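There are two complexes below, and they share subunit A, which is joined by subunit B in the first and by subunit C in the second.
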Partner chain A sequence: MTRDPLLKVRGLEVAFPGQDGPVTVVRGLDLDIEPGERVGLVGESGSGKSVSMHAILGLAAGARVSGSVRFDGQELVGAPSSTLRAVRGRRAGLIFQDSLSALNPVLRVGAQITEPLRLSGTGKREARDRALELLERVGIRDATRRVDDYPHQFSGGMRQRVMIAIALAQSPELLIADEPTTALDVRVQRQVLDLLLELSEERGMSLLLISHDLGVVAGGTERVVVMYAGQAVESATAEPLFQRPLHPYTWGLLGAVPQLTGSRPERLPAIAGRPPDPAVPPSGCPFHPRCPHAQDRCATEVPMLLEHEPDHRAACLRVGEISPPALIAEERVDA
Partner chain B sequence: MPEPLLQVKGLTHHFASRGGPTVAVEDVAFEVRAGEAVGLVGESGSGKSTTARCVLRLIEPTAGSVVFDETDVLAASPRRLRELRREMQIVFQDPYASLNPRMTVEALVGEGLVVHGLAGGRGARRRRVLELLELVGLDAGHLERHPRDFSGGQRQRIAIARALAVEPRLLICDEPVSALDVSVQAQVLNLLRGLQEQLGLSILFIAHDLAVVRFLCDEIVVMRDGRVVEAGPAHRVLREPHDPYSRALLLATPVPDPAIETRRRAERRSSSPAGGRSPSSTATT
Partner chain C sequence: MSSVASTAPPAAPARPRRVLTLARRYKLESVGVVIVAVALLLVILGPALAPHDPSATDFARELQPPSLDHPFGTDTAGRDVFSRVLAGARLTLLAVLIVIASATLVGVALGCAAALGPRWLDTTLMRICDIGLSFPALILALGLAASMGRGLDAAVIALAATWWPGYARLVRGLVADVAQQEYVESARALGVSRMRLVLRHVLPNSLDTLWVQTTFDVAAVTLVISGLSFIGVGAQIPDPEWGAMVADGRQVLTSAWWVVTFPGLAIAITALGFNLTGDLLRSELDPTVRERRGVG
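Our next item is the complex of A and B:
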């Protein structure tokens, strides 16, 4: 018997009330995260990547959520708030892009780390020792002095580290990092990403790294899921996903990223048009209006996320009939 | 080699602040030749945006010289400065903040024509606005719409059309694509590349993403803490950066290739003084 994944999402649907009835922004998402696994979730704005993660933790206020989300076997969709509270923060931590608004501005950072520990019965001195240890671990120098500083006294990168320390305080089994480095400068971004990967490795903590940037999830994640218009359109271990992607949207995304090395193209192979409005989703395959490979049936048949190669799934009717443009196949040389 | 269209020398800007003047830009020098695209690269606080604003005299520099087509920009009379600003237009990062939400696309794109007394009557103006919209991939159906009706990428197209209306010779772009999604970013970059070729436009492109700069620019100027730390042809700077900071920027730029990223990560680990732990453990930024 195989062990169940730590997080098992099946057919997740998230809808928000709209002017002309509910607008579905996540439509039938399936996602597994194994214990200790690092997964990248990639999608452009409006793809539903953040909303789905908030819905998983019961944080999508005002949304109608259906489907199944099992955390360590326990169903979270429709669960009482006591169940959600027992998972959220304790067993599954979440860090956001905007550390300034996620942290309490009038509470010293040390207190923000120790608060949940104190609530779960840890002694005062022990909680403070733990806060110091965590601040040091996430790379805050001079932690004994800085533990009593306020969030605004930290730079953006340092605040992000503080937020990671808060998330780690309860030793979660899963850390969901929602665009954790998007607002940061490139070198700081890199340091924070390295830190997250390191912490995941040393603690055996699962990591779900959400980003719009394929480059951000390319290093260190074992599996990558690409979302488009509220659905997972491709899912594979990292290497095949980047080297031999199956879905035309993934081809388009990879092609649209300017390269640091190799030949410099006259034009970037941009994806035509823009993502669909969730209020008026296209029929059939959600990508068909922008897909250069679309046929008539793509406008009527909805593709399922099927396993086409071992551990490599794609939701495209034409897998096997079409091949990626040469640009992606081209060997890249390191910078 | 063509004469430089824009020549910046010794450009310095100090902010007055508590505890004496703070250096924002110090002794910055670079050139943009006609038809050329130059990338001004650096992280936040590097002074790249301040440099651009000094070039346009949106901020008055403390010292240095800015020469545009043989005219001393810093000594120009208010009247001459107006003419110069017609020839040097700027597109900002945030297309949500830079377009007046109450104006229609026609008014937004045509405003420069009115301000600078170009394209006389209403009919002529509308024809010119239509031409510009087509140039950036929009059409007559968009004339009466407002910024709120457009996506980020489309707004950036409107901002570009607005800048081009007065036929500038130099377009200064301050992080014009960093707020956009990858697929839309590619469309706007292609548009800028096309405009450069089609109109012989010179571009000063301010960005933090080296891969984006590489696509568009012939020359790269790397700034850190208000100073230029490295400058040269893009292919040279990216292949063999001389300055350690340029190298660090290059190595930190995400590459969508797991093999490369995994190797770089191992390199960062082994080169870390903490022995095994990455520099993240001891960073101060």
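Our next item is the complex of A and C:
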């Protein structure tokens, strides 16, 4: 008997009302996260990564959400707000990209860490001790003093650590980190990522790391899902995805990661064109207008996310017919 | 005390210095703050400080000019104007504060409901506000107060009933804006309940603008309440209410200027003080100004 995954998303669709009818920004996303597993979700800005994660916790305001989201077996789509609240924070935490706007400017950080704890009935002293412990754990020095500071008194990296402490306060089983490092400089990015991975490991907490940067998810995640135009286009365990990517879009993304070793290209290769407008999605394969390998049938046939190798799925009609450009074929994984 | 200061974190001594810095930056506005402080002190202590009984008549000493015994003179019934101005602070300002407090409470509740509730509720409440705001507050309050009979209570109720739509409108805008901020969503992602979201995350972040508005409104309501009493629908004459005192003295304006002048000055200075304080709050709390200055 196989145990159900902690998070099981099937056919998730998210649509927002638009001027000419609803605009579907997530179209049939499937995603599994096992307990303790670290998954990377990668895609360009506007590919629907963040929206789908917010929709999972019922936080996509004004959106029409359909499909199925099962958290530990419990259906969350269409669930009453009491059910959602019981999951939010307590079982699944969410970390936002911009820590400055995601922290309440008029509350001391200590109060923001203890708030969810106090709500679930922890005593005042105990909650404060826990806040101190968490701040120390996420690497904030002098926690006893800083616990009474306001968010604007912290640097960007420190604020992101505070956010992590808040998310950890209720010991969730799943932590969704939505572009947690995008607003930070490179060195601090690495530190924050390492912290997230460490915490995930030591607590056996599942981690869903959302990023537009494959380089960010490369080290440390066990599985990577590549999203394009509101769909998963490739999904595999990390190593095969980086070594033998199947989808031309993934090739494009990998080509856009700057390398420190090897010959340096004049310019970073870019994927031609722009992501499709969700209001007028392209026919057939959503990537075909930008795909250098597109054929006529790509414009008419919709590719399914199929398992081409064990535990390696891709949604491309031409898997096996085409191979990645030379750049990718070389050793690319620095993780 | 000194032992407390030495163990306090280094941030503590900065506070008095900050007050000084503020006072230097806003010289004129500081005068307003002092006026407000004195006015609020008088609300508490006014009647106790009065040298004479503010309503005791003494027809042998009516319309006496200012003297050592009666610094502001006496009125048409020989009552001590100085005592009446002091005692009037409580009556007038308490009435004003009750008006502002109830209008703010109603406005905040309805503003939040409009901003966060269903669309139809928003539309209904805002149309009611439109109707309320389309009447001049003084006229509407005048009508309401007159229909409830004379007296300060009637004036207070009437004013509170006409003053809330401004707050509802203001709070709705502020709350709708703050509710979209990411930290509200991030609190929601922590499983914070709706009520708590509003009370702890949305409202406190909307209060700055509200404080500025209430401060200005204390000045405005002071004028309107005194105006109502002056016309005769508010406080009635033995009560030491500033507007009523001005009304009482206006027949003797040419012969006994002090009866009108001192309560009139009290009204004017109070309004000025709250307006200046409002200016100070606005320049300190306005986010655009605050950002330009950087946070200390």
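In this text, the second predicted complex is superposed on the first by the 326 of 335 C-alpha atoms of A that agree within 3 Å, B and C clash if a C-alpha of one lies under 4 Å from a C-alpha of the other, contacts with A are read in each partner's own complex, and residues count from 1 in each chain.
As a working rule, a residue touches a chain if its C-beta (ideal position, glycine included) is under 8 Å from a C-beta of that chain, and two chains touch if they have at least 3 such contacts.
As the structure is a computational prediction, the values presented were derived from the model and not from experiment.
Chemist: Now for A:V106: first (subunit B), second (subunit C), both, or neither, which partner does it touch?
Modeler: Touch status of A:V106: second partner only.
Chemist: Scan A:L31 for contacts with subunit B and subunit C and give back first, second, both or neither.
Modeler: Neither partner.
Chemist: So, does A:M158 touch the first partner subunit B, the second partner subunit C, both, or neither?
Modeler: Once the two structures are laid over each other on A, A:M158 reaches subunit B alone.
Chemist: Looking at subunit A, does subunit C or subunit B touch more of its residues?
Modeler: Per-residue touch count on subunit A favours B.
Chemist: Quick one: is A:C291 in contact with subunit B, with subunit C, with both, or with neither? Answer first, second, both or neither.
Modeler: Neither: A:C291 stays clear of subunit B and subunit C.
Chemist: Should A:A86 be classified as contacting the first partner (subunit B), the second (subunit C), both, or neither?
Modeler: Only subunit C is touched by A:A86; subunit B is not.
Chemist: Which partner does A:A143 reach: the first (subunit B), the second (subunit C), both, or neither?
Modeler: Neither partner.
Chemist: When the two structures are overlaid on chain A, which partner does A:F242 contact: first (subunit B), second (subunit C), both, or neither?
Modeler: The answer is first: A:F242 touches subunit B but not subunit C.
Chemist: Show which residues of subunit A both subunit B and subunit C reach, each in its own complex.
Modeler: none
Chemist: In the complex, go through subunit A and note every residue touching subunit B.
Modeler: 44-45, 137, 139, 141, 155, 157-158, 185-192, 194-195, 197-198, 212-216, 218-220, 238-239, 242-243, 252-261, 264-271, 274, 332, 334-335
Chemist: What does subunit B use to touch subunit A in their complex?
Modeler: Those residues of subunit B that touch subunit A are 43-44, 151, 153, 181-187, 189-190, 193-194, 208-212, 214-215, 238, 248-265, 268, 277-285.
Chemist: What residues on subunit C touch subunit A, complex-wise?
Modeler: Contacts found on subunit C: 9, 181-183, 185-194, 196, 200-201, 204-205, 295.
Chemist: Residue numbers of subunit A touching subunit C in their complex, please.
Modeler: So the residues of subunit A touching subunit C come out as 54, 57, 59, 61, 81, 85-90, 93-94, 96, 98, 101-107, 115-116, 119, 145, 152, 163, 166-167, 170.
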